[in-house]
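Sharing a structure with you now.
Letters A, B, C and D name the chains as they come in the text, with residue numbers starting at 1 for each one.
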Amino acid sequence: MPFVRDCEVLAHQEVAADHYRITLAAPEIAKQARPGMFCMIEVGTGFYPFLRRPFSVERIHADGISFLYKVEGEGTRLLSRFRAGDTVNIQGPLGRPFPVEAGMRRYFLVAGGIGVAPFPALAEAIIAVGGTPEVLLAARTEHLLIGARDFSRMGCRVVLATDDGSCGMKGTAVDLLKQDLGTGEGSVVYACGPMAMLRAAHETCLAAGVVCWASLEAHMACGDGVCMRCVVPANRETEAERMARVCREGPVFDSRDINWTACP
Amino acid sequence: MPFVRDCEVLAHQEVAADHYRITLAAPEIAKQARPGMFCMIEVGTGFYPFLRRPFSVERIHADGISFLYKVEGEGTRLLSRFRAGDTVNIQGPLGRPFPVEAGMRRYFLVAGGIGVAPFPALAEAIIAVGGTPEVLLAARTEHLLIGARDFSRMGCRVVLATDDGSCGMKGTAVDLLKQDLGTGEGSVVYACGPMAMLRAAHETCLAAGVVCWASLEAHMACGDGVCMRCVVPANRETEAERMARVCREGPVFDSRDINWTACP
Amino acid sequence: MADLRVNIGGLFMKNPVTVASGTFGYGQEYDEYFDIAQLGAVTVKSLTLQPRAGNRPPRLAETPAGLLNAIGLQNVGIEAYLRAKLPFLRKKGCTIIANIYGYVPDDYAELARRLESEQGADAIEVNLSCPNVHDARSVGGCKLVAQQPEAVLKYTRVIRSATRLPLFIKLSPNVADIVEPCLAAQEGGADGLSLINTLLGMEIDVKTRKPVLSNLVGGLSGPAIRPVALKMVWDAARAVKIPIIGMGGICNARDAVAFLLVGASAVAVGSASFRRPDTALQVIKGLEDYLEEHGFSRVTELVGALKTE
Amino acid sequence: MADLRVNIGGLFMKNPVTVASGTFGYGQEYDEYFDIAQLGAVTVKSLTLQPRAGNRPPRLAETPAGLLNAIGLQNVGIEAYLRAKLPFLRKKGCTIIANIYGYVPDDYAELARRLESEQGADAIEVNLSCPNVHDARSVGGCKLVAQQPEAVLKYTRVIRSATRLPLFIKLSPNVADIVEPCLAAQEGGADGLSLINTLLGMEIDVKTRKPVLSNLVGGLSGPAIRPVALKMVWDAARAVKIPIIGMGGICNARDAVAFLLVGASAVAVGSASFRRPDTALQVIKGLEDYLEEHGFSRVTELVGALKTE
């Protein structure tokens, strides 16, 4: 059951150039939120942007939640202006969470850039069922490898890569996955990042026979499944279901559900 | 020569319920500003309101100016959100100032409500030419009599009235004027406030043969004389001039120039 | 408390507030936020005979105070609607306006017949004005039905003869004079009009030098078009005898009152629901407050009560 | 530096940026903010044979991302323009587009003749689309010239025969198909088109239950209408051979580029000047930057360069 709530900003910091973490008091939403779900945040009170913006829940506390975001355009620029004590209206939690099953041998969390956003909550959930998350974190350059230390502190195994080789391996998160996945036996993969990365993760997992839970990005309007903006081509039989709503059927999909060839 | 400038907010306080004073660093504008002139303030960066809002210059300092304003609608509500250190874009100074001539026997400043806004600067200018401003200040109720003490401190004679009799005479600023104007000999009247008040001031002055400089209010779009939004019916001969632009021919008019019968 | 009930063209609504087709799905999703049975009616996404997958993304762009969409009528089709969507609405006790779209008059007639025979709706809204199902490259040669009064007359007659359900014709603002298609719909036997659908528009990405929408053009909705919608409803209301459901950028009760004043008998909340799912409910509450505050005992007193001297 | 010069229908402009009639007065006021001779051209407020006092206030309202105006063509008249306004523009060395308005074709012809014979303009823009000079109560019976292609043809022919100055016909978006009046203007001998004038609209004060504008209805401008304007320019540009001055909500160089891409050969900045008087100048500068950044050597390379596959 999602809510629409005015929430107090508890904290708001810049964690890297143009990257912020905002923490909100939202007990009801926190209670329902699961790793991989998202909220629609009203970034401004004016008529532009008219729509809310979707952000994955980064962490879930007893009485609040945090989001990790990157300034991309007007909406995120407005969001970055809120200060502690201000009120932000958010709607959520929405969408389907990452399924977390106990007893897997290896849990891979594959993150490209700001795609790391939903993984702190996911890592906690995996640890809670007795697993050890292996976070394969990649970014353009060193200072954009956000949260690496936090994951280590939580007890995750953390492997790093950068496009420019400034830290860790020179390469992508999927390159790290290829190195580590092996036969894939007993493994599950969670992936979040740009479409190209998700596609590569999907192909790698498919070849290894491993399930890949991919959190997809799409521009949204309603976040609630009514507007049909956020659709992606899915492997479904009927015409009516051929375009799946990221906000409702996702954002987390079994990567085999997505019709990657029809994706732009 | 008006300017368009990003100005730092030096101070911003609530001076009465819904009434604020904002002080801006604006040396070039301050240098050109004269009492009765106004600036167009960009109240928000979004598309609504799209237009700037006009505000009379309250005080002119060496390197800054202040405005006194009342929250009326969306524009002034947005304006009230700026904090010290923020940047506001303003355009000005615009319009014709109050003419101030030395050597008059009495200088009456007749203010209704927020109409008091341009008078601190005017009082200073009158004092500078050796006159003693007599400020006839009226408002709905006591706590809205803004600036009475400041005028006294400057050496003005201050007479008060309120609609509800909570302070000073029960009545309007024009009632005060009628009490004081006498034969009007050697007097000049400056009036600012709602249209009905200005009309009454005009009639009182006309009967006494006294010049009344009225600062008119009108909704503006450009503030620069090009859009023709802010017009008022004027006593002019030609059709082309029948509607005078408050922003350009005013906001300060010799009240005999206005065609009061044609005003709404 | 003021009486909010209205009867528009044979459709009884407990209040004059519905939602705009395509902005509320089939109701179920937003029922998670508030009891949608409180609405005067639920208007569902345009239904077609066959399911449709809609246009390729991107399908929607934000413009100043507006949205530009070319969803392309993605919908489950009449069959799945009756089977999978209708039961929920009926169980809730919602008043239902089913919006339908077809390629030829007979499509509409068949949709209307099925809706009537299977109690799939309490009224039918006929979308003659969807700008997003044609190839934009040939727009000159491909007019909307709603842009041709004779076609509006013909379509309305065919659909009218297929159903006794209250029939609303939804028209397009992309005309020189909205009165002409309105009169045609009235003559064709419509019980009411829905005004307005979206304005044709376009948005360009100057970095890629391509249109933002895959369909190149789309329909503009939201607060940006409210002044246009108000003018059209005002023009139409003075020319026709049948009631009008007014829409276009309604965000709050004030906007809704404006539509009633210019002559709408009911209103629909569209794009604004995307931002606040319960906007329509807030409009109902705000309407009650407005009536109270201004001393009206019936919402119908507001209809066409604009003072123009 | 990229070449910004354009020649549109015989009018040479040093860059493709002018201002929209009615939003820049006769140039003098805004010259206090920047040297207006830097503009590709100055387009002046509509001129009529006799001075006009315009409509009663209120004449303008703000709407979401837009302005609704019913100024009613307050202007000094052709006589005072030539005597009191023109000398300033000439002294500055401005390229001048004189916008004219009349009640019958002969009014326009006379205005055009006088402008040509007294060197009052370098080009003429013919306003056939002002929504604010008629009584709104009878709008059904009172169409704009620009809404009637045959009338557009007739007016254009008459004005064409009166002047050899470059002639731009300014049309209205309040039509089902913008191509028809565009073709009519072209057939009538126009050298170019100005698209678009304002969309008809209305705004209501629900407290007083009256229209906000004294004229009841007005014309909608500003960013709100930009998507509509882009679509109309795109439609027109593919149908006519003569150049188009595109306008509607342009606030920055990005918006201007969008108009060029869909096929405008020049652009006009309108309502945005009210907020920032030097908007048109910033558009020119931004255009230069865009061309540089994207490797174009001439602004004309952008015209119609939209990629639609």
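The rule we apply is simple: a residue touches a chain if its C-beta (ideal position, glycine included) is under 8 Å from a C-beta of that chain, and two chains touch if they have at least 3 such contacts.
These figures come from a predicted structure and were not determined experimentally.
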item: Set of chains whose contacts include both chain D and chain A; value: B, C
item: Inter-centroid spacing, chain B versus chain A (mean Cα positions, whole Å); value: 55
item: Between chain B and chain D, centroid-to-centroid distance (C-alpha), Å; value: 36
item: Chain C and chain D, separation of their C-alpha mean positions in angstrom; value: 33
item: Shared interface positions of chain B, touching two or more other chains; value: 47-48
item: Shared interface positions of chain C, touching two or more other chains; value: 64-66, 222-224
item: Chain contact graph, described as a line, ring, star, complete graph or other shape; value: complete
item: Parts of chain A lying in touch with chain B, wherever the complex brings them together; value: 44, 46-48
item: Residue numbers on chain C that touch chain B, as the complex places them; value: 64-65
item: Parts of chain B lying in touch with chain D, wherever the complex brings them together; value: 1-2, 4, 42, 47-52, 91, 218-219, 221-222, 224-232, 238-240, 242-243, 248, 264
item: Chain C - residues contacting chain D, complex; value: 63-66, 68, 137, 139-140, 143, 147, 174-177, 179, 199-204, 206, 208-211, 216-218, 220, 222-228, 230-231, 234-235, 238-239, 249, 254, 257-258, 261-262, 290, 305-308
item: Interfacial residue positions of chain D with respect to chain B in the complex; value: 22-25, 29-30, 32-33, 45, 50-54, 56-60, 62, 64-67, 69, 71, 74-77, 80, 222-224, 271, 273-278
